[in-house]
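My questions will all concern the structure given below.
Read from first to last, the chains carry the letters A, B and C; within each, the first residue is number 1.
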Amino acid sequence: MSTDEILSFDEAMEKYDPVLGFEVHVELNTKTKMFSSAPNVFGDEPNTNVNEVDLGMPGVLPVVNKTAVESSIKIGLALNCKIAESCRFARKNYFYPDTPKNFQTSQYDEPIAYDGYLDIELEDGTVFRVEIERAHMEEDAGKLTHMGGATGRIHGADFSLVDYNRAGVPLVEIVTKPIEGAGSRAPELAKAYVAAIREIVKNLGVSDARMERGNVRCDANVSLRPHGRERFGIRSETKNVNSLRAVEHAVRYEIQRHAAVLDSGNPVVQETRHWHEDTRTTTSGRPKSDADDYRYFPEPDLVPVVASREWVEELRATLPEPPAERRKRLKADWGYSDLEFRDVVNAGVLDEIEETIAAGASASVARKWWMGEIVGRAKAADVDPGQLGVSPATVVELSRMVEAGKINNKMASQVLDGVLAGEGTPEEIVEKRGLAVVSDDGPLLEAIDAALAAQPDVADRIRGGKVQAIGAIVGAVMKATRGQADAVRVRELILEKLGVTV
Amino acid sequence: MAAINRDDVAHLARLAHIEMSAEELDRMAGELAVIVDSVKSVSEAAGDDVPATSHPIPLTNVFREDVVGHTFTAEQALSGAPDSDENRFKVPAILDEA
Amino acid sequence: MTEQNISADTLIRLSAAQLAEKLRAGEVTAVEATQAYLDRIAAVDGKVNAFLHINAEEALAVAAEVDAIRAAGGAEAEALHFLAGVPIAVKDLIVTIGQPTTAGSKILEGWHSPYDATVVERLRAAKMPILGKTNLDEFAMGSSTEHSAYGPTRNPWDLDRIPGGSGGGSAAAVAAFEAPLALGTDTGGSIRQPGAVTGTVGVKPTYGSVSRYGAIAMASSLDQIGPVTRTVLDSALLHQVIGGHDPRDSTSLPDPLADLVAAAKTGSVEGLRIGIIKELHGEGYQAGVENRFNDALALLKDAGAEIVEVSCPNFQYALGAYYLIMPSEASSNLAKFDGVRYGLRVLPEEGPMTIERVMGATRAAGFGDEVKRRIILGTYALSAGYYDAYYGSAQKVRTLVQRDFEAAFAQADVLISPTAPTTAFPLGEKLDDPLAMYLNDVATIPANLAGVPGLSLPGGLADEDGLPVGIQLLAPAREDARLYRVGAVLESLLEAKWGGPLLAQAPDLAAESLETQEAK
């Protein structure tokens, strides 16, 4: 595999203007497949979630899953699309062993939803409108595993094994119009767009939206043109971009690669590229021998889907609050600053904070816990904060113990570690680890005397009115008591001892 | 409408995944040329105002409720397979790298 | 066991309705009837080659079950279907558990379906013993059954002639008294044209009135399963067994048809308007065919029907449109036969062993010439740059053909034409001339394009060759009952004229076999 030349991102941006386009495939979480009654379940034994229809046996016929159609209409509505009064399925003809009929049943020139848009909020709050060309229904293919060779990749494989469990799983493909004007924010926009789609379909309840399972898959189109030129450049389509970070990196990489190609005076090749997470590069895909002649024609085994306006309105009425509106509402309810709220959103703990507040914590306490304690630990463990293993109830329990003066913040942090280590409930951990605030002033006064004696100059400065110097004495007392003292009480006692009133 | 020639047939045979010998291509090209010629009147029969009919008896909104039905065991699924391994269908390499 | 007072030869010549009555009356058992047919198959099918698979054991078991239920009496016996115990043959395009299904192709040799077609489920529910699977042109592509990968079926009227196609096996089995009933499939005439040339009755029901689930698709928007029988009433009875809504077929009609058996028993055509389609007789039709057609018109007129002439000018484009739509859909429907999931796998003899080449070699070895021809033609008609001119235009012609039918049915209740332009031609005559072969379907194709029902019944023998001529009746969509009403009346008028069923005049294959043996 040859390594492509790339330009630095900054240089690429100086010279060229990127145009993006995305095809996001969303796997619906219906109970059954798009055209058969076999279960739509991830991860079962190979070739067990199939019947004759999924295997493309001779004589079988498809029947459309009504729930999948409704989910598709909901997605269309959430993307501000028009819903087609009538639409059809077509056959996309191509031979590939993961495609049981050697055609994919997909919508072609008559998508169920079209002409929509999505407002994408970038990290700094800038809102960027992405126009949606269409959202259409289709079916997923089976799963090929390449055997032999070194890497498990298609290259170098001796043979492949096919599992058709995924064949026929309902998909909605969401296609954007060309996205212009993103400039150097193109990679960030790419990530934010896919994140927004994922959030919407999850919020609608129509998809499990787990990218690591391929529930949401992104093909990213990138082309460059010199600044000021209207005509688009030649695009590449990068497939297999299956995490939010990968979307950002792949778009950035392709921009850099295109720029280097254009700089060398060569034309960009219109092709499929494959994203490799390990090297964070793309490689040229298989050249298509069928010259993309898919011989689409209306699927004669299916009849048109007619979405009456009544049906569409019924479905619209069931839509949950859109994520963007929900965020607006939550920000107002919680009273966070713009910066605080954006941090919460970017950290991905909106749901967790909402649940924690619902469980009895105040908005500020919930934020302090999640942003101050949990997000950092999640990052270190390389998991989503919500997946770390801290429940909203645990957070509430911990915060109540602190408020009651039973433990201090430092201890609470240790208790949290204990919870994550599976040592039990916060109460049990406090007990087991002997973590309780020392409330008897006797030992504290001894420690304070020792600290003041050790730092007479500091004591003098406090006496002289420089109360902020008290930190050094408090710190020494806390150290001496191995953190078990209540810092607030220590401070009171020091001031009392020195006769200073604040 | 263009006549169909041997190269066309070779291209179509590739699209249709049917290997054909040189003789077969020649013969098929001759036969198809006659057939295509005989059906060309079809393209002139109907004006632009005539809608296409893809279903003889029009129906709409034929749906299935989202209820799980029967499935095969892996053994049943693979019972007719020319080759299989680890409960999956086994196929030769996809890329030609030999 | 009943006392065997009916000879096996008489038994196999009974119509299905007559046999069913005798089964109910206890004059004969289902096992006796089934065995008589199996014996007949053993005696004559070596010559006819109507069957690709014989299902003796299961058929006899089903027959025995019916006999046991009848013998026990009571509610279960009462609940038996009228045709319970009446054997049937099934075209080998229709999938069946427990028997191979080949579609007449090498590519499916030895394949066993893990599921039953809906129509087969319904035969089983009616407890009709399935005698076996009948021969056909490969994937139903042909008009002579010569394109079967398992050798041609021969016409029982003349073993050197074709039995029609693609359902030549079903028609020949019924004509040769190897089965009282059979199932066929009709995409462009594959039930009606074999019916015509073998002197049997064949019906292509209204599109969607019989489930296609489990019929291996050739052209999805044209295919329809239907009955192949010796009498019009038998077709009505069988149509009612297999018909009705099926949720597994999205094109299945939601509402049931009118009572077809009652229609077949109406007994009158008085006052009905019967329309001769100007474009479907005369020039290009054999003189003997035209004569029998005119005889039929005269009989219907005498019986009180009003004969009118209608014109369907767009039928001239029907054959062309059919030979674009059918191969287009077929090219896609047959893509699944690739050597990955089931059926034949052939490795390329040389060069790289990739899956693409294995698919190419498998399809090259597994498909016959006619199938390849149609796949290539369909691939062409759908390919970029040609779609509008070919497939798109053909779908518009379909609209024009439907409009012609609408106009014709405004003037006539039922339309009438010869079923096929000629009687059975000799084996091999048109094998090298696809276009001449396709012309056999000129009168049957319009009904498939429009989805309307059609029935072919024997109209007599052509003067010049003494071979059967078929009369085709066509009715508006969902009005299949009209076909049975008119068909049964015409049948009884003709049989009165002949002094019995036309098939009584067919050569005796069993006797012939004795002569042949003696000659040796």
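Everything below uses one rule, namely that contacts are C-beta pairs under 8 Å (C-beta built on N, C-alpha and C of every residue); 3 or more make two chains touch, one makes a residue touch a chain.
Because the structure is predicted, anything quoted here is derived from the model rather than measured.
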{"item": "Centre-most chain, if every chain is reduced to its averaged C-alpha atoms", "value": "B"}
{"item": "Per Cα centroids, the chain farthest from chain B", "value": "A"}
{"item": "CA centroid of chain A to CA centroid of chain C, Å", "value": "58"}
{"item": "Geometric centre distance via CA averages, chain C-chain B, whole Å", "value": "25"}
{"item": "Whole-Å gap between the CA centroids of chain A and chain B", "value": "40"}
{"item": "Shared-contact residues (touching 2 or more other chains) in chain B", "value": "15, 17, 54-55, 59, 62, 64, 72, 89, 91-95"}
{"item": "Two or more partner chains touched - positions in chain C", "value": "111, 114, 221, 247, 250-251, 331, 335, 338, 340-342, 355-356, 359, 379, 383"}
{"item": "Interface hub residues of chain A, defined as touching at least two other chains", "value": "51-52, 55, 63-64, 95, 97, 102, 160, 162, 289, 293, 295, 300, 302-303"}
{"item": "Contacting residues of chain A [partner chain C, same complex]", "value": "51-52, 55-64, 91, 93, 95, 97, 100-103, 160, 162, 289, 293, 295-297, 300-303"}
{"item": "Interface residues, chain B side, partner chain C - complex", "value": "1, 4, 8-9, 12-13, 15-20, 28, 31-32, 34-36, 38-46, 50-57, 59, 62, 64, 72, 76, 79-83, 89, 91-96, 98"}
{"item": "Chain A residues touching chain B - in the complex, by the definition given at the top", "value": "30-32, 36-39, 45-52, 55, 63-69, 86, 95, 97, 102, 144-146, 148, 154-164, 286, 289-290, 293, 295, 298, 300, 302-306"}
{"item": "Sites on chain B touched by chain A in the complex", "value": "14-15, 17, 54-55, 58-74, 77-78, 85-95, 97"}
{"item": "Complex contact set, residues of chain C against chain A", "value": "94-95, 101, 103, 108, 111, 113-115, 117, 212-217, 219-221, 247-251, 328-329, 331-332, 335-338, 340-342, 355-356, 359, 379, 382-384, 387, 391"}
